[in-house]
């Protein structure tokens, strides 16, 4: 299923905030149909990387190519090119209802007739959202908002789905469900770039992984290799009872 | 009784002019969440364009009105592009926008002081002002009826647009968070431009009505303060609120002046504002979304 | 000292700065946007003038009482109205400022209405203005550098978090308003003693707007910025007096430009500090870079 | 050749910009004419105009700048009593004479203790006098004894005029049946007050206001069907009011300093039009600013030098000076003595000379 | 007086039709380290909000140190000795990390208004103390080197720790932590475990922590309460709760090891 055809290629990306160089000379690629996972400590630059792809922060230098074509610099154009992000910290539209939030996710789509169907699909992924569809998103619980953020990103039916810590604040049972769903979404042809603290589960789900440290790529490789790597194990996977 | 009816009619007619202004202001507020003090400037621009085209080019009111609406709409877009866009792209602190808008309002006012002089002008009587008798007991003018109808029609269309279309939804989403709206594929700049254009058009209509009903001069924009107050009473960002607030304000002014004391008119306006807000801190129609902690 | 004109400008600068500091406390440090503070200047001016003229007070006592009176009224008005947030308070404050002016205009038996009060003894000499300015600026700097300053900023940045840190935010909002009204009241009283004539129209919304604009211009949350801002705006308007008609246009344009190119104001959130002067005008996305290096 | 520097305090921006701009243009015209005529011998007038944004506190600094930086020997302006009262302490302390153009409040030239301000002058008549003129004309000439008054609470000019009108009107046997206020500036709608006036049965509506407000009031009154009430106003009259009020202006009366139809003023209007390609619609301000400069020039001529003290003395001694709009003699309070009031009647799109009045 | 520091008695909270907290009753002994778990939207954060007075209870009572605190204003509750962190971070983003902590720390130090405007009297010594204590706390949570960075620009995980430091600066007797480990990797969670245990010991605190990271709750909390749909479904030791069928079904998932 891994077609080896690159979907997204990043070359020598640099991003700075004032004097802080958050992403340094970073190169990575994601092939069509892959799930790629980026792990790293707090402040490693993972979110910055995601935001740079989406055009939410300014790229200082470097190229990003989507299917061989340069990726736009403005976020709305990036979305139009088929990339969508579930951002860190959820960022749901608080005063809009759950339903309206999901419809915002579908904003760039032209195929109106399929939107209803996808809405049902998202509701089936997260039944809680259906229950709460007319509640203002701002009053949802943390986990419910997270579900909404993921659902909203899915509603655009992207080629490439970016998820910044999707498991943040979710109950264990939901995390399992979500990871299972991600696998299924992926098998339906959506390529996924995932940033996770829940590194072990994320790597188990992914094909390949990158380890980020202070803005630079420290390691990369097939997910199972990283899982087995003692250094990675010690630094990022933790020795938990689970 | 007759006096009461007359004052009510006076109040409604004043209120409808406020409404035209308040709706445009509220529209901008609903998306960028700041009080655009330059709105009064768009009004003045619309008024002057209409005036000069009527006076010098001798065009008819429809042409002049259209030109004024276009002109004010485009000026509104330009104002946004020049003065607000750089700010909102940098920061989400709306206070900066508010100050910039005050600056812009000073700039626009003084451009006209220089170009057109400070003189008071009036549109030729293109809009019928002849008295119309209401039920045989009170008098109003064609003009007032027209302005009330115009306000209601514009508002109705806007309201439909906002609640029924996906662009309307996008406006409300962008109102909450511009950056994340961009993340949804909304071309935020275009969206904001559209909003400003509509606001500018509304302001021009208000400006034409104001300069025909009253007079045209560079400081005419000051009247928008009353319209702002009306919008706040109605609930910022709520278009029906803007209209209802305007009518209430118009009525309050006229009834106070008529039955209590004309000097107390503004005092009552401010009291009304404050009392309304104390009872309903986000205005009559404003939604009070309690922040979740 | 330097000839009347320069003296006059310095005095006016001191007077404006005192008022601007008041507004800076409220808007810059407590996050409450006001467009009605000229009303408190009016209160200070009228109270002190009337005390001097009608009750024969010594001017110094009258000035202080002018400030105190403005403060008292602000406090009374603030308790109910400061529940309003954001633009709601801003618009309401226009109403409050105008209401004060309206009362002054209509209470003719006491204030002579819009005809104003002439013949106020001129007591705001250069040294008086400078002394008042220095004392009040120092007090404000001191106040902000310490627990009150942090409490104000906390209620500005996130009033829910602040109350969850044990701050009675309502109390701090009212306190901030009261202090700022005191500053504006003193400033108004000094203005009365400088012009010897006051009229309600001097304290209209334009004046309020100017005060706030100056504060934003200097940098919200920076007192030294407020002072620099006041100085620049005052001097620029003086400087451009000969090109008369274009003066207000330039004034407006300057406000817009500063918002575009440096929306955080001249000083941002920073106080004047030798280290900062070097990279004052360097463009940056956020304050973090500086914060990190210090 | 010696230059006589004269400050001109003009409201070029802000609410009074329309008046201030006309004043400055007229004053400049006068200066050019006087210099060209050589009437001052080797003295040459030079105008130093500063804007004061229609704000008194700004005016104080402008005046200080004129005196201390530019070393003017006299100041003309401003067009507002409030401004002249605010600047009076400065000019009187510095000893530089200042001539108000349309500053009609008594306190412009008199301090609170009732003493004359030695360096303050004006070319217009005062509010008490104007109030009396309006009262006299309404009661005696028109025979209207039930007056309504609608004045601007926020304007010192309007408030003063109202007070003096009411005082005199009752002496002449009239009765004020409605006394209502409004706030100038933002308020543009007066129908509430007018409805009340309509109910009061007044037969004359007295308007002691600025032109914009008066025009709007008249227009709205006629719209409310108040067709019989007569309007009488003060020197706020301006030709631009026709544009706003249109037919509602017809047959209203205006007490004024001067008539625009006055043959003596026609050369001025023509010169103004020629120089600026614009009608001098705010003609009262224009003419009084113009004549204020002539008034000053006469004093300069008699003083013979660019010296503030000498000019002040000459100004105070002015007697029987023929200006364009009137003959003036300074009284002990530096007001032109017994100037006739001119009554204008608005007819056929223009303010026309109706008669002169001098109340008994 | 009971030995309980915090007691909830039949507390109910509705949001429109949502019964967010349903007849909740539980108590914490002084010095306990307890965990509060439950599925998303179960009402955990709402319970914190009720305790701290952010929301008013619709019915029921909350007692702190034997004193009824139901209906008190937020800041009054906090002053009784309760501190909390937030699920959605609520730092003062434009202030530095140090200032954030100092803002909380000053609640226990006093000088008068007069001393504040003159910088005389106790001002200098007190301000120094506040600063020193705050720096110590930053050190404790491992943020000493970030003291002067604006809080809003810290990485997410650091911001969470800064919140803990800020809450500790209030010198509370009861500390409520709302998902402190969110956004941390397992390694960092381990560090956090140690940190929580450490502060529990050194500051002699009662701690109630909401978490979805089971490796944290089960390891450090001797007392675990699990809720669902606003109602309590289990209350006991980690092992008891972990094996409670209802908890397994509703929260952990069937195949939990």
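Per-chain numbering from 1; labels A, B, C, D and E assigned in written order.
Note that in this section contacts are C-beta pairs under 8 Å (C-beta built on N, C-alpha and C of every residue); 3 or more make two chains touch, one makes a residue touch a chain.
Since the structure is predicted, the reported quantities are computational estimates derived from the model, not experimental observations.
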Given chain C and chain D, the chains that contact each of them: B
Considering A-B alongside B-C, which chain pair is linked by more C-beta pairs in contact? B-C
Compute the centre of every chain as the mean of its C-alpha atoms, then state which one is farthest from the centre of chain E. D
Averaged over CA atoms, how far is the centre of chain A from the centre of chain D? Could you give it in whole Å? 74
Round to the nearest whole Å and give the separation of the Cα centres of chain A and chain E. 29
Express in whole angstrom the distance between the two chain centres, defined as the mean CA positions of chain B and chain D. 36
Contacts with two or more other chains, residues of chain A listed in rising order: 17, 20, 139-140
What are the residues of chain E that contact at least two other chains? 45, 54, 86, 88, 90, 153
Which residues of chain C are in contact with two or more other chains? 102, 105-106, 160, 164, 245, 248, 285-286, 288, 292
Considering only the defined contacts, which chain A positions touch chain B in the complex? 54-56, 74-77, 79-80, 84-85, 87, 91, 93-96, 100-101, 103-105, 107-108, 136, 138-140, 152, 156
Please output the residues of chain D touching chain C within their complex, sorted ascending. 10, 12-14, 21, 49-51, 53, 55-57, 60-62, 64-65, 67-69, 82, 85-86, 88-90, 94, 105, 107, 111-113, 152-156, 158-160, 183, 185
Okay, in this complex, where on chain E does chain A touch? 15, 18, 38-45, 87-89, 153-158, 179, 182-190, 212, 214-215, 218-219, 250-253, 256-257
Spell out the part of chain E that touches chain C in their complex, as residue ranges. 52, 54, 73-75, 78-79, 83-84, 86, 90-96, 99, 102-104, 106-107, 109, 111, 113, 116-119, 123, 127, 130, 148-150, 152-153, 166, 170
Applying the document's contact rule, which stretches of chain B touch chain D when the two form their complex? 3, 6-7, 10-11, 13-14, 110, 113, 117-122, 125, 129, 131, 139, 141, 210, 213-215, 217-219, 222-223, 225-226, 253-258, 262-263, 265-266
